[in-house]
Each structure stands twice: as C-alpha cells, then as structure tokens.
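Take this structure first; my questions come after.
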C-alpha cells in the first residue's frame, strides 16, 4: 500500500530524552530529540515541535515548532536556539485537512500556578467532547480543538484535595486516566522530570531506551522514551522496555521509576492497535517483545496458507508489503520471490494537475515495471492492505501490459470497514473500498485474476503467536495490571468491535 | 525621531467592523478590516491577525494570523479564505525581542461553554501578574504570556451568579474592568456582536466610525471601530465618536449602543497617554476632538516660545517632527522653514554588518544633506523626541560637514526618563539618554551648539488647550463618567507619576 | 506624483568602487557597494547584482544577483560570500512586466579570450535592433534581450587590427561608442580596472566620488562611481566630479584618469535627460553643478510666476513634490506653506483586490487628510508631474470632503506626451493623460477648480539658470568635447524632439 | 551504496516531446515533460528547466527554470505559464558544489540570426577547453562555464559555406560532432523540430518512445525522447528504440527520421558508460536491448561465482544493491535472501550538526537493523559499489551489534580508481577508498570479515552477455555506424583506459 494515497494516517509520534548524571549535561539533548523524532517521521509529516527544559528550579523552557518535516521545521537556526537543555520532549503530527495550523502543533505548554508543564500526546480521547464540556464548564476557554490542549488543561485543574503549594502531578495524571480510559500515550514534562504515560488499554505504543555511553566511564548517558523503538538505533540507544498499559513512569536524571499502574475495568483485555503491526509502525520497531517485520512476514506466511495460488512468481507492492511477500514466498516451496515494480520516490511531490489523458490511460505514475522479471509469468502480488483501491488497479494494468499472464492479489490483512476513534485517521466509511458495492466483485473491478484477504483470525494468530514465546509477555504477566486477559488487540477497524463502549 | 532606532514601540493596534443591514452582507468585511488595519500599521509591524464571524447561531469563525506587515501576513490566499463574514476584528502587534512568536498573535480565540469568543487588546494590564495567578489558581493553564489570553480566560470564567445557559458577557466584561483598572482598549467578538471597551482611565485610544454608503439607498453600510481615526479615511468611513473612558459599547448590525460606563475611583482624572500625541499616533488621527498634527504643531510653537534661538533657518528631522518644526517656524517671524535632510527609505532594511570604517566616520546612513539649502547658515533642527541619542549625532555631523555654521537642537517633548507599564515599549532606564551621565552635557556629547527640550507644562498646555474649545470635551462632561476631573493625561514616562499605584 | 502608480520608471542605477593603495585592501568593498547601491534604490527595485574582482592576474571574480530590493537580493549569506575583493561594480534594475527574470539581472559577466569582463549599464541603446543583428550575423547567440549582454558581446568581438594577446579595451569601448551614440552610462570591469563611460550626448548621469579616509594617514581610501551623487554621503565619500559626455574614465588603485572623450556629431548639443531633474533623481543629488532639490524649488517658483493662484494656502503631494511646493510658497508673499496630506507608507504593498465599494467611493487609500490645516480654505496643491491622472482625482475628492473650499492643481513640469527610447520606462501614449481626450477638460475630469502646468521654456529656464553660475559649466567648456553647444537637455518626452534621429 | 553519500553524480537527464498530428495539439506537452523529467530525477536534483515552442513560424518559446527537484522548480504557477506548446525539451541537473547557480540551468536558449534555438545536454565535452578558446577567439563572450552554452554558441556560428537566410542545422550539428567526439546526448529544439543527437561513441544514453493514443482513432499522440526509457511508463509511452551512437534524429509532428550517422574513427569500438548499468540508471530502464535490473542481477550471480562465501543468509544495502543481492542468492543453492536493514528515508534531509557523540559511536543514522532476521547468523551483504567507504563501516557495526556473527561484504562492481571526464562526477582520486592505503586491508578497516569485488572481466561479461541475445544488437549491426567493433563499453573509471586520447 502506498503511503501517500492510502488516506490512512497515524496521528502522531512522541519522543523524549532526559540526560543522566550531573547537569548541565554534555549530551546534546536537542540533537538526540531531533534524530529520535526523525526516526518517527513516518508517524506524522505535518508539523513538529520540541520543548526543552534546563531542569533548574524554576526551570527555563525553550520551545520551537514548525510546519512540515522535522528537517524543515527545525532549520539550523532553530537548533541553535535549542542547544541548551537537560531534558526535553518532542512531537510530530500527521497532516489532516483543516487542522493544519501551527497552533495545533505539540507539545502544548501552559503556565500553571506551579510553573509550566509541557504535554505531547499520541492518540485520541474517545470521550473528548464530554471532557471539553467539563473543562469549559469550569470556566476554561480552549484555544484549539486538540486533545493535547484538553489534557494539559485537565492537568492544570487543581484537584480539590491538593495542597496549594505542592502540586501532585502523579495524582493529577491518575485523575486524568480515570476520566478517560483511552487512547493516549503521553509525555508530560515538568521542571526536571518527564512522565511517560500509556493508557490502561495500551492502545498506542510507548517504549523506553537507554543511551549507550561513549566511553566506559559512564553507566548511562541518559534515557529516551519513544512511540517506537526504531528511534533508538539512530541515536545510539539500547531498547530497555515498553511502558505497560496503564503505567505512569517517571524519567529523571536518576533513572526510570514506575509510579503507578492504573488498572483497566475488570475483565477487559488490553487493546493495542493491530494496525501498528499491519501498516503504521516501522518494521524494525519492537512491540510486545517481537519485531514488527517478523509479524508482517508471519502474516505473509499465514496468507500463503489461507490463500494459496497457482503461480510462477511472488512479489510485493514496494516498500511496505515486502516482509509479507517474502513470508508468502518462504511458505510456498518453489515459488520464487522477485521484484516486479520499481518505485520513483520523487513522483509524490510533483505538482501535476489531474491530466485527462493519463487518467484515461490509467497510468501507474509512481511505478515502472521490471518487465523481464515476469513477462510470460503468473504473478502473485502481495499488498499489506487495500484502503480505497485506487492505486492497485493501475499497477495490475501495468503488469499485464508488461507481459504478466495472470496477476493474483493477496492482501496480508483483512478488509478495513470501520472508522477508528482512537487516533488513526481512516477515510470515511464511504471511501473504503470494502464498504463499496464493487467490493463484491473486487477482482474484476481492479483487473486482477483473483483477490484474497487474510482473515481476522489469521491476523490475530500471526500477531499473537510471537508474543507467547517472548520475555515481554512474562513481564506483562508479572505486571500489576492483572485485570482481565493479558494479551489483546484492538481490531475495531476490521471488526467494528471497539475496546470500550463509545460515547456519542 | 526615527522609528527604527527609537526603540520605542506602541504595543498594538485594534480594528473591528460590523456590517449593517441584512446578512449575508454585500460588504467585503475582510477587505475593510485589512485596509483599516493597514492604516494602523505604524502601531505594530510584528504580526497581524484577523477573525471573522458569519454572525449565525451558532456562528462560524474564520481566522488567519501571520508574521510581519499586514501585507505579508495576509497574502492573497489568506484573503480568499477570509472572504465570507459579516463582522470581524483584527489586530497588529509591535515587535519586541523574545515574544515574536506566531502564537502570541492576536486576536485570541477560545472555545467556551457558550461558544467561541475572540479578543483583541491594545494596552498592558498593570496588575497582570496578580490576575495570572488568580486565573491559574482557578486551574487554568496559560499557554502564552500575553495579556490577551489572560483577558480571554478571565472572560471565560463563569461568574458564580450567572445562569448556565445564558452567558452575560457585559457582566463579565464589567467584572474584568473591576479586576483591572488599566490599561486596555478591547474588542470582544461573540457571535454577531463586537463589544468595544476602553479602560476607566482611557489610557489607550479607541474610536468609532461609520461606513459611508455608496448610494443614498442605504443609511449606513456598517460600523467600524479603531485604535485611531486615521483608519477611517482609507476605507470610506466617517469619524463618529470616541469610546469614552470606562465605556462598554455594543456594535451590532442594528448600530452602536452604550451598555455601561464603569467609573474610575473617586477623584482620579482620566489618564490618556500623552505619548500618543507626541510620537505614536498618525498625525491625521483625532483624539479628544483635536487633530494630532495640530497638537504637534502647537508643541512646536510652544517650544519656540520656551526655547527661542538666534538662527537663520528652521528644519525638521523627517518625517515625524515636521509639524513641530513648521509650528516653530510659524511662531518666529522671519525664520524660514526649509528642508535640510533627504531620507533614504530603503536603508533600514539593508543587511549591512557593523562596518568599522563607517562607524568611525559616524555616517548618517539614512540621510542625505540638502546642502545648498543651508550651507553657511545657522540651523534650528526640531526633533519630536530623543530616546537613545544615537541617531541625532551623525545627523548634526552631516549638517556641519555640509556647511551649517551652527546646529541647534530643539526637542518638542520633555526628556523621557521612566518606564511605561501601560503598553508602551520603552528602552530600559539605562538606555535612555536622559538618564545617562552624558545628558548633563548633551549638546557637547552630540555635537550640537545647543539643545533644549519642551517642558512638561508646555507639553500639557499644548495638548490641553485644544480640548477646551472642542465639542468632544462637552461629550466627556456630559458622560456618566463624572468621577474626578474631566481632562487628564498620563505623563508617567516623563514625570514618574503613574495614574494608579503600581503593584509589584 | 506617487511612485508606485506613476508608471514611469528609470531603468537602472549603476555603482562601482575601486580601493586605493596596497591590495588586499582593508576597505570592505562589498559593504561600500551595497550601501552605495541602496542609495540608488529609487532608480530600480526589481533586482540587484554585484561583481567583485580581487584584481589579481588572472583575477578571481565573485558575483551575486537576486530579485527584489538590495536588502532582499543581498542577504547576510550573500554578503559573506562577497567579502573579499579590491574592486567591484553593481547594478539595480527597474521592474517592467515581462522582463523580470533573474537572468536579465546585471552586471553581465562573460569570459573572453583575455579573461572575464563585467558590464553594468544604465540607459537604452537607440539602435539596439541593428546592433543585435550585427552581433548575431557574426555568429553570436544572444541569450537575453538585454542591452547589457549586447554591449558585452560587442566588447568581446575582437577588432580586426588588434593584437591577439593584448586586448585594447579602450579601443573596443571607443568602437562601441562609434557604433551607438546614446543612451548609456556604463561601468566595465576588467581585472584591476573599472572603466566609467558616458555616452557622447550625456543622456544618463554618472559621477565620481572619493572615499574620505578615516585617519589622516591615507590620502584616499578609494574611488567610487555612481549614477547619482546621493550615494556618496551614505558611504563617507566626497563628490569629485561628473563623468563628461563622451568621456571614458579609467579608475584604478592609482586614481582616476581620462582616457578619451568621444565627440558628438558636429553641431549637436548635449542631451542630458530633463526628467532626472523633474522626477527621477534623489533631491540631494548634484547634476551639472547644481542640487536637484534646488532645481525643483526653482521650478516651483517659476510655476508661481507662470500660474499664480488666488488662494489661502499652498501644499504638496508628498513626498516628491515638496521642493516645488516650497518654491511656489516662497515666490508668493503671504501664501503659507502647510501640509494637507498624511501618507501611509504601508499601503502600497497590501494585497487588496480591486474592491468595488472603494472604487465607487473613489477613496485615496494611501492618504489621510490633515483636515484642520485647510478646512474652509482655498488650497493650491503642487504636484511634480501628472502621468496617468489616476491618483490625483481621489486626492482632490479627499481634500474637498475634508473641507477645502477650492483645490487648484499646479504641476511643476509640462505634460508628458511622447515615449522615451533612451532608458525611461514611460506608459504607452494611450495611457498618458495628456494624450487623452479628457485632457481638454482636465480640471473638470479630476475635480479640480483649476489645473495649470509649467511650460517647457519655464522648465528649461529653471534647469539651466543654475548651470551658468556654476563651476561645473566651466569644466564642461574646458573639456575637449567642444562640438556644438555646451548646455543642452533632452526634452523628448515633452516635445517629441529626440536628440538623434531614431532608427526603426 | 547510498546515493547521498556516494559522492558520485550523473550530471544530467534530458527529455523532449513533440506532439503528433494537427497543431495546436490537445496533448498537454508541459505535463508530459514534467512527468517524463520526474522519472529522470535520479540523474540530477540540483535544478530543472523546460522550454516549450508553439512550433509556429516565427515560433513563440516559453521557458521556466528553477532550483531544486522538479516538483520545487515547477510549482503550479510555472506549469500554468507553460500550458501552451506543441513541442518542448527539458533538463534536470546534478548538484555539484560551486556551480549551483540558476544561470547554469539548462536548456540554454539563444537568439540567432535565424531565431531562437534551445539546447539540452547530458555529458561532458572532453575537449571543452579547446572549443571554448575557439569560440572566444571568434569574439564570442561566454557567460557560464557550462558545456551547454558552449554547444549552443558553436551551433550559432554560421559555417562559411551556409546561405545567409537558410540555416542548415544538420550541417551545423555534424560540424559540432566533428569538432568534439564525446561525450554528449543532445536535444536541440528549433522552431517545430527537436533534433536528438548521440555522440559517435554512444557514451551517454538516449532513447525514443511513442505516446500511446488514448483511443484507437489516432495512430500516435506524439513522440518522446529521454535519457532513459524509465520515463516512458509513467506517461503512457511505449519504448521505440535507442538513438544510435553518432546518430542525428529529427523528431517532428510527422514522426521520427534519421538524418545522419556520424562515424567513429576507424577501429574504435562504442564506449557506452558501464556505470550507467552499475549504479546510475533506474533499474527499469533498457539499454542495448536489456533491462538494467537484469544486468545488475547478473552481476550478482557472477559475483557469487567469483566470490563465494560460507554464510547463512545474503542481503542487500537497500535499495540500489537489491537486484545484485537477489542475483547472488539465486546463484547459491540454499542461501536464503533476507532483509537486514530498514532505511529511514527522512534522515538525509535533517539539519543535524556533526555530533561528536554519534560520530564517536559510529552510528548508521539512516538505518535500523532488522535484528530478528539475522541474529546469530553469518551474513553476506551485497553492495553495488563502494566509493569513499564512509557508510559501509557503520552498517557493519550495526549488524554485528545486532547479533550477526559474521559480515562478509561482496561488491557487485570493481573498485573505482580513476576520474571520469565524460560527464560523471566522481570524487577526487584521493577521496576514492580504492586509492587509499587502507584499501590494502579494507576488510579490517571497515570491520568486515571479508571484502571481495567483482572483476572487470566479470562485469563486462555480465553486461555484454545480455546484448548478444537481443534484437537491439542486430539493429546496431545493421546500422551505418560500422566502424570498429559493434559492442564496447567505457570502463575508464575502473581501468583508466579512456575511449579517446585525452587533451590537456
């Protein structure tokens, strides 16, 4: 599936860093944050923001926000401005029409009676409307429509029992978590501490890494926290562990400490977003103790079992479906994996008006066929998902014109049919190909010789069989979050079964 | 005095417009706002913002903000986006180092329980710190350091006695005015109404105009409200009247209506900023029934009386001191007014590094001498004020090298010695030439043959003698704001006497 | 007359600098060039370019060009790149629709058999088409439509008699001057020398200045050459003299040296552009030994004699007409000079669509009336020229609405009726108000009570009476360019009499 | 090999289009050009330019040039300006320090006695210095250092025998080809014709495509010509044929016609650049009748034969080495192909200062390890070439830290040791790892367990064995260019044997 035309978007990526040891630190915190955030760029390209604290009392905060990719939002001058700081959090956001304004950029910083707090948020509050009303009834005006501001103002509200001169942020965060069960992975920075919080359902990912020291003199250079572990390799950090569902972790210069684990309602399983595995996350990230790439490969193998094909070669729609295609090939003895498409990575950004002739011709603008690899052959083409169905048809046409005798589409995930209210930007129900009448005859509609999808059971099995053999699971079992089942995933976009009852 | 190097800055200009008659209006409200705001550009060049409402129930708001001049902040695409609207308010801001961020741009818009309100503010709350604390103690986080956000959040706070479903904005505004006596001229937009508010001391200006109808079929095309009346000519509006100190005016499609006049403490006179007359305001604006140009001319006449000079010609430091220089010339029979300097309006924006040679030469980069006009003559050079004293010295040098036999500096205002806490950005006490040791021998220091300033009494007389003969004064007397004296001006930056006791 | 709407444009300004003494020089040549060029910004705002040479053998050239004002075209990075150089030339260009491309920017640099030459040109070759053909017939392709490239290629053509290894640039320049009589003021840089050249008719201005040394140890810091002497004050240079019509001056580190004076055809007078005096030049510039401001003032006096008015006050359309208005006032005893208009310098750049209402209202967007100065009075309003007549009508309307009982327009130059082929961008004949039918009743057309223009004779007298008393004239007489009369001006745009017969 | 850090750059890509049938054409020529050029973006990212002709007599040309990617250089407004035209040529350029100026952008357009010609050029003239001298000796000044301007001026020079009013462009092109034997693929547009020219050695690629008609009513919608055939798929064109070495093809609305084939010196074989196969070209392009991807795959197979490895898995440095890696895997029974690296495509553009810590850690910023795929295994990592050796070391470190027990580097091309003077931008001899002392122990130097390169013979065999079986070869044999051998490649960068003797 191609990113630009999928119409599916992860809302955000969050990243934080706290330098260990004596402050002022030698660690270039803004550089670590920039590189860490760049590794999360696939989770959001609209805007980026960063807030640093020197951690003093009172602290000095330095902030910068900008539109576009991290590289555009943080030009050299901005990094110059941000060069001092002992800890910081940052955020990258997905572009959805109409909300693309600088003031919606995160992290959100507000001044409170006790000083400034900064909040970066990935997810979507399922009961945001009720909470907005609550906050506004209290007399707070909200200047944006973002959940991040809402969370910040909820945290700013003094709880009745709190002492006036000593804010109990953990109590406030727990309070917030009681008000809203999902979905959020949060970073909250206050003075010299970053709180890393994951909602009780664990819907959005969040994990911790440790900066590898350059020399052996140090035990640690600092701690980082990220939406995905893929950030860690590019900054010289080691994967440490996931933040658990419902966990509030305090990261300070002294290290990482669990402050509380807020339980789910009795009987509810966790609900980690299955689409992180299928499509959003970078393949080298680790969730629940397993590499995303491996899960995708397993989906491909499972797909080969569920939907075998009589064909000569198997290939991928580059680049996201490659692990699934290789998995499919590995499962079928004698079915060689080849490449059939060459992608032009520059096309997406070209300013081409809708051109009648090319539209009539149905040209796959972004791809060139590697003709000699498959001419005269029957091709199984594995894709990771089909959302609108607009891009697959021209690809099939391209392959057939280049000489493929048959093209069989195998999709390594079930059809998407339902909206997500927990942070994933999915096209409207009407735009989803799986909800259109032509889905009944989708193969004919897109020009394929056959089309088959992975089943929900197949997907869940591919995802969950990796967990049982992993140490992460053990950690999860031993965790205090013992309510209900220990493994569970949100499949709402595929099944319509939401992890909690929705408010309207 | 040259703008760019004066270091003195008015914080802001505010402007609003409400179309009269049936809605949707034919009036291009965004165009009127843009032109009106452009006429206030001298009050702030850092950023500009605009919010339009369609006035429906519930209303749709459209907003745009941008950095730089109005023309930069509102490119064609922005005006396209803003093309529908029946009423709106806008704001332009002065650039002061460190606060130059898009998120500080006004108008500030927040969503409340009763819908969105938009606030544009000119001035500075003298007790802002106490009010911030109050708001934050209530549990509201403040995302900027701007008074505008503070005011907006104060207005959002539900008063205890208010009915939940019917916000009483007038009561809330009066409440706000009770909390903070000065300094503010405010525009508050809510649904289909703009409230225009001036603080009880009348420290910042605010006036109302009526849009002249194109044909006789209409009685009015709408109403406008502006920091200065100079806005009105450029949009085809007639000056209507000032908003009175303490007055809350409601502007709707039905017209202009006084809702309340909040009194000053017993015995306190009004405190309209005298520097608006001296320097900030555009000369074609009208305050207290008199044209600013005329006041400046009168200052020049008064200066000629207080500080006569034995000289051959009198001239101006272009362009702001010209009315005073002409006034000076009119007062002295036989002293011709001439031009001695030609200004290069492009220099200010050139990227020239501090150049040792030119600095050593002490070159007046922005000016050329009109040599033949004054060579061999004794020149009286009138300036409107001297702040840091950096620019006048090279000008004197230029004139002398070009052949002036004597150069006498006459300043049409008293020395500035004290900070302003009511909305004017004045350099630190240390930077003001009048507080430096060299002020004792300023003539020698800047190379003049003599230097003389207008007295505070002279300035007050020049300002106030125009009021007694004007109808505006009558209006003021008849107003319900009868507390204390009826005429009064804030001279704090000259005398250190602030209109209210300052909180620290 | 307002610049932005006049539609009249000077094509260009040229400026050069050669450091004196030992090289590498301590003089910051690029800074001198930037400041000098900025002082010529009124001659062209479209683009700016600069070429520096280190003067070595072979020389290293550094160049930069950019669109927009000097300040935009030369950002800090560009100046950084240009920081080394012992001599250089630069150029600023006027924006005329359709030619606004970076590749048309000057100076034009080409590589020849003998190394690079750089050329900056102000003017327009009257026989450009014939010369283009000639060059192309020789087999040279021309990549732009600019005269500057054409001149450069003409200079590159090896004359038949020249030795192959020793280019005789002076002979080549003389050759060029023989091919094309007017109009050009040229700067040609080759290795360590700048040649300053003015055409035999002296149609475009060019003058030389000497950099004042900071300390007494040096006799000179270097030499500068500029379209106008107004450049000199802002860089600490003294006016030295004009380049004479037909003169080729060599400027090197050793000083200034006349190489040749190419004569005009027998009997032809010089033809310096009279519109430089009327409108284009900065008032503090000196031409033919007299200050432009003084000439304009004299035009105002002459106008008062030719077109007296029964009125109460006299005023100016700011800013360019002020000297003429002051001259008018000085000539009429008892007629006070006042200001009637306040100009908003920000309007010109605002992105306002043609707004029906404002157009119908005929609003003078850029001006505010200084009402109290003239209400109830009869006003003589002096303008320097009227080109299209679009801006004067709304100004008159503004004054009348503000209370002027009569408005009499007096124009300090004759009507413009003819195109210029010598470097001034004048609107088409059809657009000139003086060629329209309504010119017969222009007072009624623009709403004035009367309109009167200065006569051509009056203008010539105002211009030339200053020359007779000046030393510059003596220099001109003593010059070797003794052909024909010694004083003469091009009045083609007013009279249709061109200094040479035009080719078609 | 990663593009950004390879330091190797193809100079350019050229593309042209001529609409067939009646003019004005319905074909959106500028859109076809933009898309076609975008498919050549890998050949140059510095700047892009386009010139359209309406083909009338005299023709109207429209041109646009811009810096950056095609998408940046051609914003919507530019495409709007370019929307009319019946034929056109365009060009994209590689960024090499110091020449990155807009005026070096191609196509180069000059006006000649016979009207404008436009030239787009890929390659580098081996005897450019001599030709520049020749042109300059003729009296032509050259305004850039580009070969494209030089070629244009050479074409503009009228040959002695030519009639004055009828330019014989073919004779001029042949003349040019006689003057300079290599290296160039040229597009020359004049009025209604595009001439496509390839040098006699065929050093740079050039091929022709035919636009597929939308409906059967047309025989052709037009013709396109491109540096690489990969352009054709994205615009709905079919591959037609290569332009032969030495061939001059005329493309007009009537079709494609060979005008001449200029022979090589007796005995000289063709010299098509072998690095087009190894690295530069897009894998879906076709040269000499074979797909580039297939050649690379064959290089991988040959490498497996020449340099077998005892290992568990084989993988690629994404993305350019993938065909070679798959070829290697196919050759070795039981050696599975897996992915070991995940590439972050956003890193390249991030503004990160050289960070001491990361440099000390030697982090592979752009890559994440797909740990679970290879932990505990011996990895063969195939790269397509190693230029400076800077990027491979951190990758090896990354793999080892992630658990690879051995990492063996196999390079699918021979070491690069010599500069290219024919259009490829290769780092200086000193920067090439193969010329450094550490190359003797390269495995130890980069941390690999072994390093082996493909031999020159192996590479030539992999390239040439595909030609013998292809129809293209037959065409080449039947061509009139019968001088010398029929198949031959330039391997100068590998062997130091240049196809012609170099001039100095």
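Each chain carries a letter (A, B, C and D) given by its place in the written order, and its residues are counted from 1.
Convention: a contact is a pair of C-beta atoms (placed from the backbone, for glycine too) under 8 Å apart; a residue touches a chain by one contact, two chains touch by 3 or more.
In this text the structure is predicted, and so the values were computed from the model without any measurement.
Compared on C-beta pairs in contact, A-D and A-B come out with A-D as the pair having more.
Distance between chain centres (mean CA atoms), chain B to chain D: 62 Å.
Chain centres here are Cα averages; for chain A and chain B they lie 49 Å apart. With each centre defined as the average position of its C-alpha atoms, the distance from chain A to chain D rounds to 38 Å.
Shown for chain A are the residues that touch two or more other chains, of which there are none. Of all possible chain pairs, those that touch are A-B, A-D, B-C, C-D. By the touch criterion given at the top, residues 102-103, 108-113, 117, 132-133, 136-143, 145, 149, 152-153, 155-158, 164 of chain B touch chain A in their complex. Residue ranges on chain A touching chain D, taken from their complex, read 27-28, 31, 34-35, 38-39, 41-42, 69-71, 74-76, 79, 212, 214, 221, 230, 233-236, 282-285, 290-291, 293-294, 319, 322-323, 326, 330, 336-339, 342, 344-347, 349-353, 355, 357-358, 360-361, 363-373, 398.
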